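Labels A, B, C and D are assigned to the chains in the order they are written; within every chain, residues are numbered from 1.
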Amino acid sequence: MNSFGKIFRLTSFGESHGVAIGGVIDGCPAGLKIDIKLIQADLDRRKPGQSHITTSRQESDCVEILSGIFNGVTTGTPIGFMIKNKDQHSGDYSNLKDLYRPSHADFTYDQKYGVRDYRGGGRSSARETIARVVAGSVAKQMLAGLGIKIQAFVSRVGEIELEKSYRDLDLDSTESNIVRCPDSETAGRMIQRIEEAGRNHDTVGGVITGVVSGVPAGWGEPVFNKLHADLGFAMLGINAVKGFEYGSGFEGTKLSGSQHNDIFIPTGEGIKTLTNHSGGVQGGISNGEDIYWKVAFKPIATLLKEQNTVDVHGNEAVVNVQGRHDPCVLPRAVPIVEAMAALVLADHCLLSRVSKL
Amino acid sequence: MNSFGKIFRLTSFGESHGVAIGGVIDGCPAGLKIDIKLIQADLDRRKPGQSHITTSRQESDCVEILSGIFNGVTTGTPIGFMIKNKDQHSGDYSNLKDLYRPSHADFTYDQKYGVRDYRGGGRSSARETIARVVAGSVAKQMLAGLGIKIQAFVSRVGEIELEKSYRDLDLDSTESNIVRCPDSETAGRMIQRIEEAGRNHDTVGGVITGVVSGVPAGWGEPVFNKLHADLGFAMLGINAVKGFEYGSGFEGTKLSGSQHNDIFIPTGEGIKTLTNHSGGVQGGISNGEDIYWKVAFKPIATLLKEQNTVDVHGNEAVVNVQGRHDPCVLPRAVPIVEAMAALVLADHCLLSRVSKL
Amino acid sequence: MNSFGKIFRLTSFGESHGVAIGGVIDGCPAGLKIDIKLIQADLDRRKPGQSHITTSRQESDCVEILSGIFNGVTTGTPIGFMIKNKDQHSGDYSNLKDLYRPSHADFTYDQKYGVRDYRGGGRSSARETIARVVAGSVAKQMLAGLGIKIQAFVSRVGEIELEKSYRDLDLDSTESNIVRCPDSETAGRMIQRIEEAGRNHDTVGGVITGVVSGVPAGWGEPVFNKLHADLGFAMLGINAVKGFEYGSGFEGTKLSGSQHNDIFIPTGEGIKTLTNHSGGVQGGISNGEDIYWKVAFKPIATLLKEQNTVDVHGNEAVVNVQGRHDPCVLPRAVPIVEAMAALVLADHCLLSRVSKL
Amino acid sequence: MNSFGKIFRLTSFGESHGVAIGGVIDGCPAGLKIDIKLIQADLDRRKPGQSHITTSRQESDCVEILSGIFNGVTTGTPIGFMIKNKDQHSGDYSNLKDLYRPSHADFTYDQKYGVRDYRGGGRSSARETIARVVAGSVAKQMLAGLGIKIQAFVSRVGEIELEKSYRDLDLDSTESNIVRCPDSETAGRMIQRIEEAGRNHDTVGGVITGVVSGVPAGWGEPVFNKLHADLGFAMLGINAVKGFEYGSGFEGTKLSGSQHNDIFIPTGEGIKTLTNHSGGVQGGISNGEDIYWKVAFKPIATLLKEQNTVDVHGNEAVVNVQGRHDPCVLPRAVPIVEAMAALVLADHCLLSRVSKL
């Protein structure tokens, strides 16, 4: 199922080595001024080849808007868009046609569909996230007009963890280094860890933290579409993600209730909370505090060394992937995390308009 | 939004102190033999008052089927059901009418809807999960016919953790103790920890682990409705949940790719994997291995002691909840985790029928 | 599929001779004052036994609200409701268990589901529309607050046609006669026609006209959910409906474009049209003029006389239905037509809030 | 809302004079062999300039498949496609920027969205139906493999009516004349009627009949998504449509029940009906007989002569459209009617797979 969202809704298409990746954004309100350069900037943060710790594939990933924007403003009609695939070495993959790469989607796609576009993982490739970044960038522009800011950063690579809270960091500095960690010392160690993985023809996982400020109280649709449930659903749908937690998360479950509860206090700007273990969401609805969460990314399954596996006939085989691949997905996944959060929030922004008479 | 699922779909209704909790199961295939006693058994596992470590409220929670089942068999038409609310002491809550309890949904519901049923938390009460347990029990009966078994258990209470893998446990023994931990020694320590919290008029959180065996390869709907994304969405929608991880989860992100990849091996029963860091899901589609995950539950926000807070007018206030409340939600949440997993799997079971020509 | 609507959404359940008919209204905005007596009044317009030209079955059809309304006001949470089935003579139907009644749903339900609740048609009975009337009555109350009035009336019974336009009728007089035709002379002839059908143990069909005034310009969701397309979908889902047209309808297709176009004119109250062949909808979006349409109802298939048919084994058989049945569904279908229109309009009212920034 | 269908689902985009018209087909089963030439052939039946009774605009309308098909076979992933807009004379429309054309969507789009792409009607242009024809053609190819044949034809132009039943016509001859009426004598008179309208700079409406053979018993999803309700919804969403009826339709409501009922008879090929007033659908579910229906198309609103109107400021104005326009939409709408029927049936085909255990 390739649609995301209830009102503000992305439907995406495209395989790694097909003609194009693209999508349709339906439900974007009319009257939104769109800056294509901001969309392209987010795509550039996602694109391969942007630094020596990412794959050296050069994908230009230029977005073409096909509909829905007239004289720079959304018209309320669907926004079709497309990014043509270029510089794709399909030949790299012909030797994988009959093999199931370990911990990839090759086997499961064949089991589900009985047929598979084996070139670069086809639809299961992370190139698919290009469409998410485009749609998320449109959503960001809508939310920015409401004073809402969405920022993600790499908070762990392998065992190298950024120990500080996001509150003690300058999130605007995230883009100042290639690993997208807003603490230069930790960033340096993360980069070394990724370089080490690359030298070993191996890969490394980690954690991305997301933070949203400026969301007013009242967004979220219990009982099933709680704001954090939709956010978690969005994150878990990103390639390689293995876990999601928000607010105090897994660690917070070790606290007692009297430690964990966020005490309400009256302030000049309305009701606030002393602490924010709730992560800005209570009962599935935003309470006006910062929303923050963590996303776990597994180490990428594509290794540039021999691995045992089976072929499509069920026989033992050896797979040896060539080509240009990332040793660590985290730096390029930062804009994807932001994009998916933006889609969730844009949707709930619109849904919040129909809660009351 | 109070509907869950795409084909096999629950729509639920009901407040804690309203007339009834109930729902409609739409899309359950015709021809399924339903044993009402099994539904009631799951409700009894969720009900309060079942042991000294749960609330002493006596809620009988008897399910009444209103439609959709004829001569014990589903007819393909919607299954309406209802559980009448009884033994509800609305008076307990009249003093909470003008207060926002810390880390509850009182404040956010008021912000969203401008009106609130303050009796026992209204719709935000965990009594709402009764409808999930009923629908999940129907889903379980459908899945059982396919050889699919869903089992959850308490794997951590506060800091008391069950260190063993689910593979080294007898999950059929989970129901043999009141905390629902399939290791009697750990269960004993967990019970002590809950008793301690109760004595302190405090609460404690923890973790539930879920395991599903018997799911064939090929279930899941990428790119957005990956099997684990729908599962995470389901879990995050349960009251008090703060996090979700599947397979190797957050810890697995510390491994290198060569450690984390699950090597395929040919076996007499088809293609299997040597390890299962993937948690039975690859590329968002089941691969035939066990599916397992963890869910983080925060300590319950309702404390039987004084807390500072604000009232609905924004003034400082003190809240002092009376009544009968759980010091720990974990034991009663086990059937809820199972129910939500069952709903996800029943839905994907049906969706898997339309993947191929 | 038993849910209707996108934001304002009814999910219904219940069979003719089951425990209850009911439903869940999800997405009704919070803060709406609900008058249960108005709901009951609409149910009473639908109920059997209300006059000598309808079936003499006495169904009290009392609505019970189970959730979602607190102190007389909607809370934004789902409104569960139920109407218990009483005075049902299941025995009347035991002889139909093995027969397929002509032009009923007996055969097709068996083909689709492989199992069937044969008592009174089960889910295919028009008793199912009770849930629509309840939800529609809630929607009407929301729309009334916006100055929107929904009125339907019987405009043809068999060949007896009300020739006047709705503009030349006093629609408030519709309830003044038992056939619900706002022209007393025509009503008299219609009643005679229905009495004649009853005497012949036969049935008769006809047409209901619906009119809505007060809808502002701007409601409707092209390209697929055009306002008239959703309205037509709603009408075609009512039992026994065979056709739908709006505005100039089928007859209007005989006009030339220069005759058919509705010329815009400036007025003190904004832009209006000289004529209204468009039926208040242009390009799928309301233009502020009256919305009007016609719905064709076939003669009821249940005849109180012998008919040839086949049994469930495929053998020739004779069916001879006993019991109390309407010779004409039209008078009782008037509130159903209104209810379905109300559901469509309430939904589009809410959707119209998210069209623009 | 620009998505159609529940499982087999088209999401479309594009304006008349934008970069491209296109869409995404999600939920098409894997393993379907696609013949692009058949898609192009359906587009050619819809395209302008195909005869002297249609507009002389030359739109090549070449479909480009962007994803979802690999080696000529669907992979189960979304099928993205696009048709570039060419030969669009935007200049033709600059004089319409400030005018509301009578009975067009100009006024209502402005009311709804507050902004409008005025070039050629933007999204409200019938060029949008290109995406429907592409998706419908894919659906047709899926259905053809099941022995299902979908055929539409022009059965009335203005007052010129084809009196014969579809059963007495050779529907394969529909394409033998430019008006797409399978009776050459009537076709001749229809063509004259359209020529006459064109000479008068006027337009003419009419009726299209659709027929589907080969649908097995058991498709349709009561109570709301009855097969004919989804079909009617599909038809009413096509530009210029004012009405829909199936089976005996409006005329059938004049019959008595004993005349109208379709008597079941046992045959060597299973249970059939003697007559087919039901139009192949009973209780919202197909019964195995032919499905047939009629669709009313109003005369096109674009006239090549002066008309009074108002401008966007609410002042009186005169509109005088230039350019190349059809005097009658019927011949080109035939493949659109077929396409929308195919989408409905493909969706219900897949839904029918989940009705029973």
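The rule we apply is simple: a contact is a pair of C-beta atoms (placed from the backbone, for glycine too) under 8 Å apart; a residue touches a chain by one contact, two chains touch by 3 or more.
What you are looking at is a predicted structure, and each value in this text was computed from that prediction instead of being measured.
Set side by side, the interfaces A-D and C-D show unequal numbers of C-beta pairs in contact, with more at C-D.
The most distant chain from chain B is D, comparing centres defined as mean Cα coordinates.
Chain geometry summary: the mean Cα position of chain A and that of chain C are 46 Å apart.
Mean C-alpha position of chain A lies 39 Å from that of chain D. The centroid of the Cα atoms in chain C and the matching centroid in chain D are 26 Å apart.
Among all residues of chain C, those that touch two or more other chains are 1-3, 12, 27, 30-31, 76, 112-114, 123, 355-356. Note for the complex: chain A touches chain B at residues 1-4, 6, 12, 100, 102-105, 107-109, 111-114, 123-124, 128, 156, 158-159, 197, 200, 202-207, 217-226, 228-230, 232-233, 236-237, 242-250, 252-266, 270-271, 273, 277-279, 281-288, 294, 296-303, 305, 307-310, 314-316, 352, 355-356.
Of all the residues in chain B, the ones that touch chain C in their complex are 1-3, 9, 11-15, 18-24, 26-27, 30-31, 64-68, 70, 73-80, 82, 112-117, 122-123. Across the interface of their complex, chain A is touched by residues 7, 27, 29-32, 76, 142, 145, 350, 353-357 of chain C.
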